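Chain naming follows the written order as A, B and C, and within any one chain the residues start at number 1.
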Amino acid sequence: MTSASWLDLAFVLVVLVDFYLLASSRLPAATRAVALQGAVLSAPPLLLAGGGHDPEHMLLLSAGALLVKAVLIPWLMFRAIRETAVRREVEPFVTPVTSMVLGAAGVAAAFALSRSLPLPSGGQHPFLVPTALGTVWVGLLLMVSRKEAVSQVLGFLVLENGVFLFGLLLSDVMPVMVEAGVLLDLLAAVFVMGIVMFDIQRELASLDTQKLQRLRD
Amino acid sequence: MLRALLQPLALLLAAPLLPGLVNRVKAAVAGRRGPPVWQLYADLWKLLHKGAVYSGTTSWIFRAGPMASLASAATAALLLPVGAFPAPISFAGDFLLFAGLLALGRFLTALAAMDTGSSFEGMGAAREVTFGSAAEPALLLGLAVLARATGSTSLQGMLGPGLSGAWAGAAPSLILAAVALGLLSLAENARIPVDDPSTHLELTMIHEVMVLDHSGPDLAFVQAGAALKLLLFGALLAQLVLAARPAGDLLGLVAFAGGLLAFVLLVGLVESAMARLRLQRVPQLLVGAAVLSLFALVLVLR
Amino acid sequence: MSGPLLLAVVAVAVVGSSGIFALALPRAPRLGQRLSTLAFLAGAGLGLAAAAGGLAGPPRTAQLAWSVPLGSLALRLDSLSALFLVPVLAIPALGSIYGLAYWPQAALGGRAVRLQLGYGLITAAMALTLLADDGVLFLVAWEVMALAAFSLVVTEQEKDEPRKAGLVYLAASHAGAFALFGAFAWIASWTGSFQFSAWRGLGVAGPEGVALWALLLVGFGSKAGLMPLHFWLPEAHAAAPSHVSALMSGVLIKTGLYGILRLSGIFAAPPPALGAAVLGLGIASAVLGVAFALAQHDLKRLLAYHSVENVGIIATGVGLALLGRARRDPAMALLGFAGAALHVVNHATFKSLLFLGAGAVHRACGTRDIDHLGGLSRRMPRTAFLFLAGAVAISGLPPLNGFVSEWLVFLGSLRSLSAPRGDLLALAVLAVPALGLVGGLAAACFVKVQGAVFLGIPRSGAAERAHEAPPPMLLPMAVLAAACAAIGLAPAAVLPPLERAAAEWAGLPVGAMAAPAADAAASAWRVSLTALALLLALGALWLLRRAWLRGPQPRAETWGCGFTAPTARMQYTGSSFAEMLVQRFLWAFRPRVSLTPPRGLFPRQAAFAAEVPDTVLDRWLLPALRAGEALSARLRALFPAAVHFQAVLVLATLVVLLAWRFLLP
């Protein structure tokens, strides 16, 4: 298989994980899926490296993604799940079937329409932009449609994965330090969210964010 | 003409092997010996020689349902290529007729269930048509992927020799479509994780509960029809995956049988490894299959 | 005026005046009704002969000396109008035979006379609409049709339901007609004439084209019952007598689709956006129509929502045909057009069959609520069998005609798969899963209907005492069922006239679609072959079963899983059957539920009832109108009611108008 078909496979896998996340309600399984997505995301930079990109830059990016997205963050998330003892998303605002249909529609639209976007996608793989857009859309959908804080954090991570893919478009002009900073920010964000979740759990004995509505100052 | 007669008959005769093999696989995984592979043949033979008992509330529809389900499955068998043999009847858009015939069988089976006036069978019929209406678009989407990838709208073109070229050009889409069709074949044939073919009196069942009141030859027709339907879906998948078939008639048949065996093995393993889904999750599975097919279609269209 | 056209005009006159006999013979009601029916049948026969001529020959036109104000009496019989003329005359003719037993003048007196008059008039008006080659004549016929339909809907005017339905229908119909008046006048202001022949080849594009087509789609779409303009349809079709419902659902709404096809055929090739819009409207109507139908438990309301669904399927075909024409793909245009046109005919047959069956059930049991019926197949076996034929056909299942026309639409949609990579035309292939979903849901709905009405145990005394319908009611149903089977078994036989009409519609020479038509015909013959194989397999199994089952067949109770005394109340009702599916569509409608839950250890009474009001009419339109009414009442309260104050207002308006006229040159 050529590197182009490996790339095909990587992008298809990313989208499949998106669909899986929309369908699943078990938080540990969903977290594993996000970790898988992070791991898969470390492949495109390497595979794109052949196409005129700076190889060292890409290697660094790939390793960073693997470390942060596939190892550190999932580990933090599993800790949060274990400590808060929330195992599943019981009653999301939008049923899984509806959110799958919405997600599929968004991804289909991304694939159908991304050609007409004014992006510097000349030399890139044709699936890069639509996969990024679709993943951003699914991340937003997850954050909007779920009640449990853990699911919302997962949605945030998916959203960030989409942004990461999008960033590959600009990797030639973006310094390494900026991307490293983004990854570190992400880590810090998840860390903070973990702490917040733990506090919500201790105060309300639940991670249902709807209950936060009663908080007023 | 002779082949048109032979193919459905041959598939019908081979079909009862499939449930037997699935049961053997399940038994092997569970460490049991299991019933013999030809158990269903013996069951059918016994049922055909028994009399039938009919409920006083039923009408001719109850008697017509089993015949219709078997006849429509046998007719659908005319449209599939088997191994290197071309489909006896093939034309543009025949996959729609294939889906239509299966839907006709489902329609009349469900009506026969309603004819008994039993709440259990009404429940089964309601579930069957509910899930059937979700399976239909997924099936058509999956087949539309094949149609685009091979450039043909007949099952012969979609599953015949033209497929090897499609695998070279659109492998990710075809894999997705195969997965979606695999999910559908579990749902359409009342297998775990959608339904449980081995229990008879559980309130969460779909297909088995619909045919509770049939007896004698009627029940034999129902069971033969169900086995044939399983074989049809298995054949669909086997033909799809075995793109690089050996050329000869005999070798093609052997490869086809091998594909069916792999399908049976897969079904048996899934049944051993998974529990039945909660009823509310079944539409999710079917919509998931549709979403996979849609994604595959989008990939192959752009 | 040449032969077929003259025949058609005579047919219109005979059919239109057929009610005279009933009116003239009040003393001999039986004779009067029979003579009226005979006249109707004779007129319809002439008209069908004319249609046969129109399908076979070139277009024929005629201009009569008698002028309509503003317009002219220009007539035209071409293959498109002939195609629609067949169901428009055949279905009401069969309905008039049905009416002999269903709506006997001897028993009903004046009401039956009025119905007979209106029945002839509406059929003649529909036929005239199809023959009109002039905008004004078209609109006059259109209005006569609408008013006659109103009088038919309110046949039972002493009841509340028909009165309300009739008023809603009248309002909707006139809103639609108003849009058409505007559109036609606008076109006439460009071309200087109301004659269709003067509009030929008119290119409508840009913002003006969008506005014009929006007007036309509102006008024709509200007649056809496309979502969201369908809101008048379920009420009106449910409230009318059954053979009138058959006429309205089967053919009247098709005049809207005829209008879309007629004008798009007259204009130059449309932009792809029009095709996409019609396609989208069609898919939305089809899916939502069947979803609403699933939630109904009034048999005729349910069938009426299925008309919305089927109009959606037809519009999908029309949309594909328009897309094919815009993209210069004759195969797609042919398949979309042929599917749509054949579905017009097919829907006319099976929907009238189902409405006539519903009438037989209503007559036998006195209720249309399917949850109070059941077990009728043992009491009305012939009606049950014929209804089943209609149910299989409407669900789009082989080997009947519903499958064939949907298959053609599917083929048209699959043509978009050959679009080049990245072409948005390929999105049209999404009609395939959408129509698949519609077919699955329709099948579910008709398992529900057939199961709840005809199978199982009767749920009420009325259903228990039901008896078979008389021959005059069964005969038309049998003819319709035979037509369903004939078209379903030999679809290739009806393709040639469809090809001719499609080529004429698309403005192509006759041979231009020959190649795709030959392909379609070859495929259609194989559909017949497969259907034959299905029948053979069924026959073989029947023989086998008969050979094996020779002994006595004992009777028993239905097995109740250990429960020994099953009752009718334990059966699945239509509502419980559809429950799981209805749950999936709660985003489209809200059932009104009234629940008396069981209380205590030994509950005595518990009740559950669910009603699904129409979202557009009951949730949007009526509340909006009521709000408007309240607002205007408030506005009125602002002004004193004194006469001179009103006079001052009039004067002030006049002064303002004069000032405007003089100050602005």
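Just so we're on the same page, a residue touches a chain if its C-beta (ideal position, glycine included) is under 8 Å from a C-beta of that chain, and two chains touch if they have at least 3 such contacts.
No experiment lies behind these values; they were computed from the predicted model shown.
The chain with its C-alpha centre at the largest distance from the centre of chain A is C. When every pair of chains is scored by its C-beta contact pairs, the maximum goes to B-C. Overall, the chain located most centrally, as judged by its C-alpha mean against the mean of all protein C-alpha atoms, is C.
A straight line joining the Cα centres of chain A and chain B is 37 Å long. Mean C-alpha position of chain A lies 49 Å from that of chain C.
Residue positions of chain A with contacts to 2 or more other chains are 97, 112, 115.
Taken residue by residue, chain C touches two or more other chains at 422, 584, whereas all remaining positions touch fewer. Shown for chain B are the residues in touch with two or more other chains, namely 283, 290, 294, 301-302. By the touch criterion given at the top, residues 4, 8, 48-49, 51-61, 63, 67-68, 70-72, 74-75, 78-79, 89-94, 96-97, 99-101, 103-104, 106-107, 110-111, 114-120, 122-123, 125-127, 129-130, 132-141, 144, 147-148, 151, 153, 201, 212-213, 216-218, 221, 283, 290, 294, 297, 301-302 of chain B touch chain C in their complex. Against chain A, in their complex, chain B makes its touches with residues 171-172, 176, 283-284, 287-288, 290-292, 294-295, 298-299, 301-302.
The touching residues of chain C, counted against chain B in their complex, run 374-375, 377-378, 381, 384, 388, 392, 395-398, 403, 407, 410-411, 414, 417-419, 421-422, 426, 429, 432-434, 436-437, 439-441, 443-444, 446-448, 450-452, 455-457, 519-520, 522-523, 526-527, 529-530, 533-534, 537-538, 540-542, 544-545, 548-549, 551-561, 566, 568, 570-572, 576-581, 584. Against chain B, in their complex, chain A makes its touches with residues 5, 8-9, 12, 15-16, 19, 23, 96-97, 100-101, 103-104, 107-108, 111-112, 115, 126-127.
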